[in-house]
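By written order: A, B, C, D, E and F. Residues from 1 in each chain.
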Amino acid sequence: MPYVNIKITREGATAEQKALLIQGVTELLRDTLGKNPATTVVVIDEVDTDNWGIGGESVTVRRKQGQ
Amino acid sequence: MPYVNIKITREGATAEQKALLIQGVTELLRDTLGKNPATTVVVIDEVDTDNWGIGGESVTVRRKQGQ
Amino acid sequence: MPYVNIKITREGATAEQKALLIQGVTELLRDTLGKNPATTVVVIDEVDTDNWGIGGESVTVRRKQGQ
Amino acid sequence: MPYVNIKITREGATAEQKALLIQGVTELLRDTLGKNPATTVVVIDEVDTDNWGIGGESVTVRRKQGQ
Amino acid sequence: MPYVNIKITREGATAEQKALLIQGVTELLRDTLGKNPATTVVVIDEVDTDNWGIGGESVTVRRKQGQ
Amino acid sequence: MPYVNIKITREGATAEQKALLIQGVTELLRDTLGKNPATTVVVIDEVDTDNWGIGGESVTVRRKQGQ
């Protein structure tokens, strides 16, 4: 019955990559905590780089600086 | 003063349906817990079916399988 | 398959009131959007009044002022 | 190491305004709690006015009423 | 730079199990999306069974029914 | 009408520090985006160090290593 929310910057993750992420997190919760995969929910949020900040700067600015 | 976040898959909910949801949740919090509707906030997130997983699979895949 | 997160201040909600809230939100999502109750998840977070702010003040301070 | 999520209605915030918000929140956490800016993460969600409710109504409806 | 929030019911997960979960999710994001482990943040919320609902009922009630 | 959620590790923040944080974030949203303080909601979550991971390790482990 776990609920997992994964937030990443919107930088081209494919449907295949996201499917692997959903499968992997679900299996991890089964293997570490015995959680039932049938009721494990995973929601992925892709966030624009203007809207994600780290170190006081947006990721847009950091990408321009080569970080 | 409650804050409610509702996450659903993006599959065509109309503005009218979302308005009913906002109204209904606000009334429910007033009726069950005596919360003031004036300061009850409701935020609805609509999530792409590629980005929502249950049972280790994305909803996109499940919809193709008729689930 | 919806996921609902309800945040309220921790001010004595009973297990019975929370059960009514879970039931009510689940029925509302079925009635307004046709969502399946069996996979509707509701998580209630109760937050200390020191940790909840509105109008720039904590709820602890507002309660002392009679608000 | 704090994580901050800011939800606002999608009503034209510019990249410059969002950059100021990221910078300001990061500095505030350093100044009030001594948190390290390098690992402070800020995520801004802009939400459609149909999907944001307050007082039992969507912001779309409230804006039409001049609120 | 991803942020992951995992919500589970509070039913005795140990510090060791939670450490495995943190390590596993961080490695999964590196392996599937190339995300930098150094800036991957994982937050686990443990929720009382009275405060978690599925199928319109609290987990407390479901556990008593043997579910 | 913004909603802000601040997650920090539970390491002794006082009510006074949290009040300053609530006040500061509310003023920042007024100053950068013209948001109405009266309806700005701030919720602070304090998270046990066992439940917060960065770099694939819990903060509990990192604190023991002097990080």
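Note that in this section a residue touches a chain if its C-beta (ideal position, glycine included) is under 8 Å from a C-beta of that chain, and two chains touch if they have at least 3 such contacts.
Just so it is clear, the structure is predicted and the values come from calculations on it, not from any experiment.
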**OP:** Go through the assembly and pull out the chains touching chain D as well as chain E.
**Re:** A, F
**OP:** Among all other chains, pick the one whose mean CA position is farthest from the mean CA position of chain E.
**Re:** D
**OP:** Note whether the interface between chain A and chain B is symmetric in residue numbering, meaning over half of all numbers used appear on both sides, and answer same or different.
**Re:** different
Original post:
By CA centroid distance, what chain is farthest from chain B?
Top reply: F
**OP:** Please report how many Å separate the Cα centroid of chain A from that of chain D, as a whole number.
**Re:** 20
**OP:** State, to the nearest whole Å, the distance from the C-alpha centre of chain D to the C-alpha centre of chain F.
**Re:** 14
Original post:
What residues in chain E touch two or more of the other chains?
Top reply: 1, 3, 7, 25, 39, 41, 43, 45, 52, 54
**OP:** If two chains touch, include that pair; go through all of them.
**Re:** A-B, A-C, A-D, A-E, B-C, B-D, B-F, C-E, C-F, D-E, D-F, E-F
Original post:
For the complex, which residues does chain E have touching chain C?
Top reply: 7, 45, 47, 50-58, 60-61
Original post:
Okay, in this complex, where on chain F does chain D touch?
Top reply: 1-9, 13, 17, 20-21, 24-25, 28-29, 31-33, 35, 39, 52, 54, 59
Original post:
If you look only at chain E, which of its residues touch chain F in the complex?
Top reply: 15, 18-19, 22-23, 25-27, 37-46
Subject >> Residues of chain D touching chain E in the complex >> reply: 1, 3, 39, 41, 43
